[in-house]
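A, B, C and D label the chains in the order they appear, each numbered from 1.
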Amino acid sequence: VRETCQTYGLSEGEFGELLARVTAAKATAYCPYSKFRVGAVLLTRGGIFVSGANVENASYPVTTCAERVAFAKAITDGHRGFRAVAVATDISPPASPCGMCRQCIREFCDLETPIIMFDGDSNFSVMRLEELLPLSFGPEALGVQSQA
Amino acid sequence: VRETCQTYGLSEGEFGELLARVTAAKATAYCPYSKFRVGAVLLTRGGIFVSGANVENASYPVTTCAERVAFAKAITDGHRGFRAVAVATDISPPASPCGMCRQCIREFCDLETPIIMFDGDSNFSVMRLEELLPLSFGPEALGVQSQA
Amino acid sequence: VRETCQTYGLSEGEFGELLARVTAAKATAYCPYSKFRVGAVLLTRGGIFVSGANVENASYPVTTCAERVAFAKAITDGHRGFRAVAVATDISPPASPCGMCRQCIREFCDLETPIIMFDGDSNFSVMRLEELLPLSFGPEALGVQSQA
Amino acid sequence: VRETCQTYGLSEGEFGELLARVTAAKATAYCPYSKFRVGAVLLTRGGIFVSGANVENASYPVTTCAERVAFAKAITDGHRGFRAVAVATDISPPASPCGMCRQCIREFCDLETPIIMFDGDSNFSVMRLEELLPLSFGPEALGVQSQA
């Protein structure tokens, strides 16, 4: 953990807070269809933590994943700029954000932003956005300035 | 307004609060692609107001509409049971929720739930969910109990 | 059937063709997650039938419903103008298109377009688009001319 | 081109066909909102080419991207197993598939599958699925066997 924190510019307290909150967030999922709980937490540049979890729907494509719930909250609460994204599921090895969520992260985060993925036992792996979504398509392609 | 409140079981104070909050919510939209701002506010059975606005993405289908943002917040905050949904845009006549959002509302609300649609000048129309999404497809079709 | 055909401007041969094709389409679904097969068929103004079925994804929101698959095919094949939409599932009473699909139909069809919903035993009900998606949001709200 | 074909197991004829068809596919896009045309073509293991283009909607999240249109066609036509995915836009450098589409490709393709991205002048770059969507989330996480 110490090394991870140094590499990605987080304090150990922040890392612990991300783990505690993402675990709690997972319990707020509404997933009667997949029964696959996902929690997500964002750490803003201002030091605020914003949580989300998956919210499914009988019409599967109407589902919103945990990461997109967290960004929806953060963005409409006025936050811009994020230092880290944490995601947690109950499986091992840790699940990564789906491609749709990587695209959502891309809209609002630097390519260097660390994405910390926890499994059900608090083991984790970390990748930067650029590593999870290389050669990405973003706002610039449509003439819109990035929010990162 | 008085008659609307009586018909749909809202107090005039609650109606005023919905209008004030949905107007404020509209200003939190992130919509550089459509430039079409939408605000949404839910009133829970417990008397809590939960706001949302549209959060767009360079990949258009990754966009989350205002109504779904509000439900994502409310559901992951533990709220169940909603007395009203308010939506506001800048056009006239008032815009209605898109079909995708009607489906989201269906997952979490009674068919009698009023959906109040405001235009840019606070004029409004109201329809119940059942009127906006008749003969709807919902959780029961997949053997899941409704959350309404 | 005869009465339905008269009301909605279809020949009995066309109706039979819709039923046969939508039943066949259902068998082409890729739905290992929901195990809920849906078929859809469109009848174009030019008399062409275009079929689709649901194509699901491990990330549930990446799923494309049967109706949207059929429209995606038809539109990219150059078809414009549709006389009927048929949908079939294995449950009874017949399932209706989800809200997201009603929105897709709205982009490309007249409000009078009949939507024929078959259950697993070829029983059916019919509603016009305007009945399934009243007071709808469409292209005009964004200054785009309808394709209907 | 020759080297690309050798690396990714395509004949030069197949490569030329992919370019010709993806350019033609781009012209079938329905994109009055973004005005950003995208074409996609798949080459199946059986040697069949399947085309798609983006089909947008007034409700932006109801949009289906070109890649997902092509897979929806191919899968419901019974195809399984793909040797290459080609994508074309009008911008330079070539645009890559959005994250949502990478997730769709993941459901149906080997991680080694080449994704060929053309700009408006037929310049291109190529990446394997594993390079565009590393450490991906897929069917196995939900106990479903991959279709690749």
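Definition applied: a residue touches a chain if its C-beta (ideal position, glycine included) is under 8 Å from a C-beta of that chain, and two chains touch if they have at least 3 such contacts.
These numbers come from a predicted model, not from an experiment.
Relative to subunit D, the most remote chain by averaged C-alpha coordinates is B.
Centre-to-centre separation between subunit B and subunit C, using Cα means, comes to 26 Å.
Taking each chain's centre as the mean of its C-alpha atoms, subunit A lies 36 Å from subunit C.
For the pair subunit A and subunit B, the distance between C-alpha centroids works out to 25 Å. Within subunit B, the positions touching two or more other chains are listed as 33-34, 58-59, 62, 64, 98-101, 103-104, 106, 137, 141-142. Contacts between chains leave no pair untouched here, as each chain touches all the others.
Within the complex formed with subunit C, the residues of subunit B that make contact are 34, 36, 91, 95-104, 106, 125, 127, 131-137, 141-142.
Subunit B contributes residues 33-34, 56, 58-65, 98-101 to its touches with subunit D in the complex. In the complex of the two chains, the subunit B residues touching subunit A come out as 25, 28-30, 32-33, 51-53, 55, 57-59, 62, 64, 68-69, 71-73, 75-78, 100, 103-104, 106-107, 137-139, 141-142, 144-145, 147.
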